[in-house]
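Dropping the structures in below, format is structure tokens.
Look at the two complexes coming up: subunit A is in both, with subunit B in one and subunit C in the other.
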Partner chain A sequence: MKNYLKLVNFEFNRIAKLFAVLLGITFVMQMIGVIVKSRQYLNIVNENIFEAMMSKTQFLEQVGQLSFIDIARSIWFTAPIAICAAGIGFYIFLIWYRDWIGKNTFAYRLLMLPTSRLNIFYAKITTILMMIIGLVAFQLILIPIEMSIMKAMVPDEFRNDLNVKELVVSLPQLNLMIGSSIGEFFLYYGSGFLVVSILFTSIILERSFGWKGIVAGVSYSALAIAVWLLPLFLHEFVLNGFFYPMELLILEIIMGLIVLTASIWFSRFLLMKKITV
Partner chain B sequence: MIEVIEVEKSYGRKKILKGISFTAKKGEITCLIGMNGVGKTTVLNAIMALTPINKGKILIDGSPLDKTGLEKITFIPDTITMLPKMTIAEAMEFMNDFYTYWNQERANELLGFFRLNRKDRISSLSKGNAAKVNLMLGLALDVDYVLMDEPFSGIDMFSREEITNVFTSHLIENRAVIITTHEVGDIEHLIDKVVLLDDGLVTKEFSAEEARENEGKSVIDVMREVYQ
Partner chain C sequence: MKKYWKSIAVIIGIILSIGTFYVNSAISAEHYPVLTVQTVNGDVEEMESLIIEGAYRNLSSMNYLGTDLKITAQGSSYNSPSLLDRVTGYYPTVIKELKEANRSFMRGKSLAANQYFEDNQFLAYANIDQKISSLGSSKFNFEISVLNKADDEVNSFTLKVPVEDGLDHVFLEDVQLVKDKIYLITQNMTIKNDDFNDEKRVYEIDRISQKLTNQEALLKFTQWKESLHTHIQLVEGSPTAATEHIIMVKTEDTVMEDTESTRVTDSKQEIISYNLASKVTETINIPGLNLEENQLSFVKGSTIYFTRVEEQELIVTPYQLGANQVEQDYRIQLRSTIDNEHIESPIISVEEDKLYVVSRQIDSNFNGDVAVVDIKTGEPLFEGQITLGNSSEEHGDFEIYMHEISVKQ
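Let's turn to the complex of A and B:
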């Protein structure tokens, strides 16, 4: 346990710069977005009410109030989320390959550490999870600040104020990131954890068997996802909606746990018996 | 004792090791000698479970390779095993964090012995100094077995001398050392046992002292007989 925690700390320190860059991009782009979108709206207000002499009521009927949803749907808000998602996706591979590829093969040291090699797997997956949760938490802190900036810039009568929960429910990308309930949060992040563990197993397969490992990794990923989603396929295409939603959810959780256990067990076997430096 | 018994290893269709057997005892320096690509590094990687073997057994003190066995061995590869951005001090701290059997006193002694600067970054080290850091990190572990892969490869004469001096010091005493090299000249007088590899097999295994005393031959003389 102690070595696992040390490895997590070590891995997290290695991503600290990338993590800080992603936080920085999110902060800067979204702040600019709030200011730009609020100013654009205020310009429209000025053009219509003060220059075209439209009444406030007429304007609100035709153009409507500015809602934070309008800002959150803009490229300023969604692009950093996409960049962070891409960054994490890239890092899922980099977190393994950087230790093997290049002049300095740190993989030697990692695999020779006096700890279970599975701790390397756990530490890397924990780091990815910490990175994701860190970015989501940062986004949740940022949203109220961005809302306050919008409130400070746009007068009350031109604003449609929402709270964070209403915003999350209204926007699919935020709903997927945060979930509209605690159950959804665990479901989304459990699924994400499972997908990362399947990818990790595939990467370890590639590191163990080279080109053959790529084929094995892709096949393993396809098989694992098929097994995981089997109840859903059966429900949709074979059994014509046989299960109640709760039954289907429980079956998916069970299948997910089976696939997760298999992935961890298989990764342990590969790390102990098949991995090559 | 490390026992390598009938070990076979293939990379794809190419069979690198075709049934290699040898032993390495405590207090002895065993040298694996062979031309490039003969499988010397593969043998060391196999002992450390860094590459799987296809057949055969590797025993550490009579037991098959496992976590306990591996903790009795330190492996010093021919490439630096620390992150380039680390300083030597940070690399030492890393080792101290993870290895309960890291000997800080010995590490400091080796640091002085090799005249290394703790503040130097790994990425800024010359090949000779990188080899010394590797050696320092490996030898500062309190273990019974030391595996060294080509410690003299591509480094200057003075660094080679410094590294050679380690073999005659108390830093190696009572440990079993397995060293791979194709440049045997520097350490010929230090070797206890020689294992000559060719075409994936052990072609000759002999005591360097016996060859010298009984046959009047140096290790290089025996190598010439075998390889030419």
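Let's turn to the complex of A and C:
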């Protein structure tokens, strides 16, 4: 346990800079976005009310109030989220390959540590999870700050205030990140954890067998996903919708746990017996 | 410890931020308007068995997802969609109840209420399975299941739908079971040489021999003939409403098409009934009842109920199919329809000699009406209003649309 925690800390410190950069990009771009979008709206207000002499009620009827949803839908808000997602996707591979590629093969030292090699696997997947959830948590802290900036810039009667929860429910991309209940949170991130572990197993396959390993890795991923989703396929194409939704959900959770166990066990076997530096 | 500060900081940040989010959303979730039923006249006991179902939507929150609510004599209760509801989507209460009562029978069955029939003895289900071959021709099968409630036995069978030339689509509209005959009412679409034709058809299937014993085209029509647009709507009761009469409303609209817009210049409506037992189709002509003003609102057994709103009154006109006669109107005082734009004919239902009337819409400014009328005497048993209970609280703009009323026996 202690070794595992030390490894997690070690892995996390290695990506702390990248993590900080992602946080920074998100912060800066979204803040600019809030200011730019609020300004744009205020300009429209000025043009219509002070220059075109439109009445306030008429304006609100035609253009409407500014809501934080309008800001959250803009590229200023969504682009940093996309960049973070891409960054994490990239790092899922880099977290392994950076140990093999480089001046001195670091992987050699890592594998020689007097601890279970599976701890390396666990530490790396924990780090990825910490990064993802960390970014989501940061976004949740940012939103209220951004909302208060909007409140400071746009007068009361021109804005439609909502709380963080309402915003999350209204935007699919945020809803996917946080879910509107704690159950959804565990389902989403549980599935994410499973997918990352399948990817890790494929990467270890490649590290163990080279070119042949890529083929094996791709086949393994396809097989694992197929087994995971088997109840869904059966339900849809063979059994004519036999299961009730709740049963299907439970079956999927069980299959997910089976595939996860298989993936970890297989990785352990590869790390112990087959991996080459 | 210094080595660990980054990880620790991130973990604390995660727990605080995500924890706060879920705790806050759990606390802030409950601020739906509380609705209560207030008695204006009569005894509130009369609406004890009435359940009004609707959807609540907060207009100021930009949240387009509605929340289901139920209103009873006790007041309102909200049911925010759970994770599973959001995955599976909304389905009607009738289906929910059927599922709870017949768990194994309902497996793998469609969620559309019109595909079911239920009475004291049987629960019947039908579905149309269409298979399109590689050559583009289609094969249709009826999939039928009947549950005999007496011995819990399920009879499932598949029948080929006799295919006529050019049959392109078969829509199942209603299922009825009368004296061991299962009736499937469908709309069939045929395409022949680029001609699109529709017909309402009834298939009669013997429950015991499991054979197609009869089929008949009720009405043939063309949806678009130049500027004439025809559609025929089957008036559906709930699946538990067994009836020998199939009621259809045929609407013929003359449509003017300009370059900019299309508009209906002339509209004609006709009510057609088909008797499953006697196999007689007839057009219902009701002297003195203008179909443009009166809306066909409800069918119960062999009685059709028409409604119209006149100033502050709802006028319900019953019409007897067998005797072909209009009976005495029921007049119900409406208190909530304040401006003319908001007048929408309320939902009505007849159950056990009582006529139930409920407004279709409630919002921040308008209350809703509820009334129960004795069908035999025409006397109001209860008149009430659905009002905001805690009006002192801020609710913003909201609207509630009623979509179903049911009476628990």
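In this text, the second predicted complex is superposed on the first by the 277 of 277 C-alpha atoms of A that agree within 3 Å, B and C clash if a C-alpha of one lies under 4 Å from a C-alpha of the other, contacts with A are read in each partner's own complex, and residues count from 1 in each chain.
Please note the rule applied: a residue touches a chain if its C-beta (ideal position, glycine included) is under 8 Å from a C-beta of that chain, and two chains touch if they have at least 3 such contacts.
What you see is a predicted model, and the numbers here were worked out from it, not measured in a lab.
Once the two complexes are laid over each other on the shared chain, residue contacts for A:Leu113 go to subunit B alone; subunit C is not touched. Of the two partner chains placed by superposition, only subunit B is touched by A:Asn3; subunit C is not.
When both complexes are overlaid on chain A, the residue A:Ile182 reaches subunit C alone and has no touch with subunit B.
Of the two partner chains, subunit B is the only one touched by A:Lys274; subunit C is not. In the superposed model, A:Ser67 lies in contact with subunit C only, and not with subunit B. Taking subunit A as the reference chain, the count of touched residues is higher for C when subunit B and subunit C are set side by side. Of the two partner chains placed by the overlay, neither subunit B nor subunit C lies in contact with A:Ser191.
In the superposition on chain A, the residues of subunit A contacted by subunit B and by subunit C do not overlap at all. Residue ranges on subunit A touching subunit C, taken from their complex, read 8-9, 12-13, 16, 19, 67, 69, 130, 133-134, 136-138, 140-141, 160, 162-166, 168-170, 178-185, 187, 239-246, 249.
The residues of subunit B lying in touch with subunit A in their complex are 45, 48-52, 67, 70-71, 75, 77, 79-84, 94, 97-101, 122-123.
Here subunit C touches subunit A in the complex through residues 3-4, 6-7, 10-11, 13-14, 16-18, 20-22, 24-25, 28-29, 60-65, 82-84, 87-88, 99, 103, 107-109, going by the rule given at the top.
For subunit A in complex with subunit B, the residues that touch the partner chain are 3, 6, 10, 14, 103-106, 108-109, 111-116, 208, 272-277.
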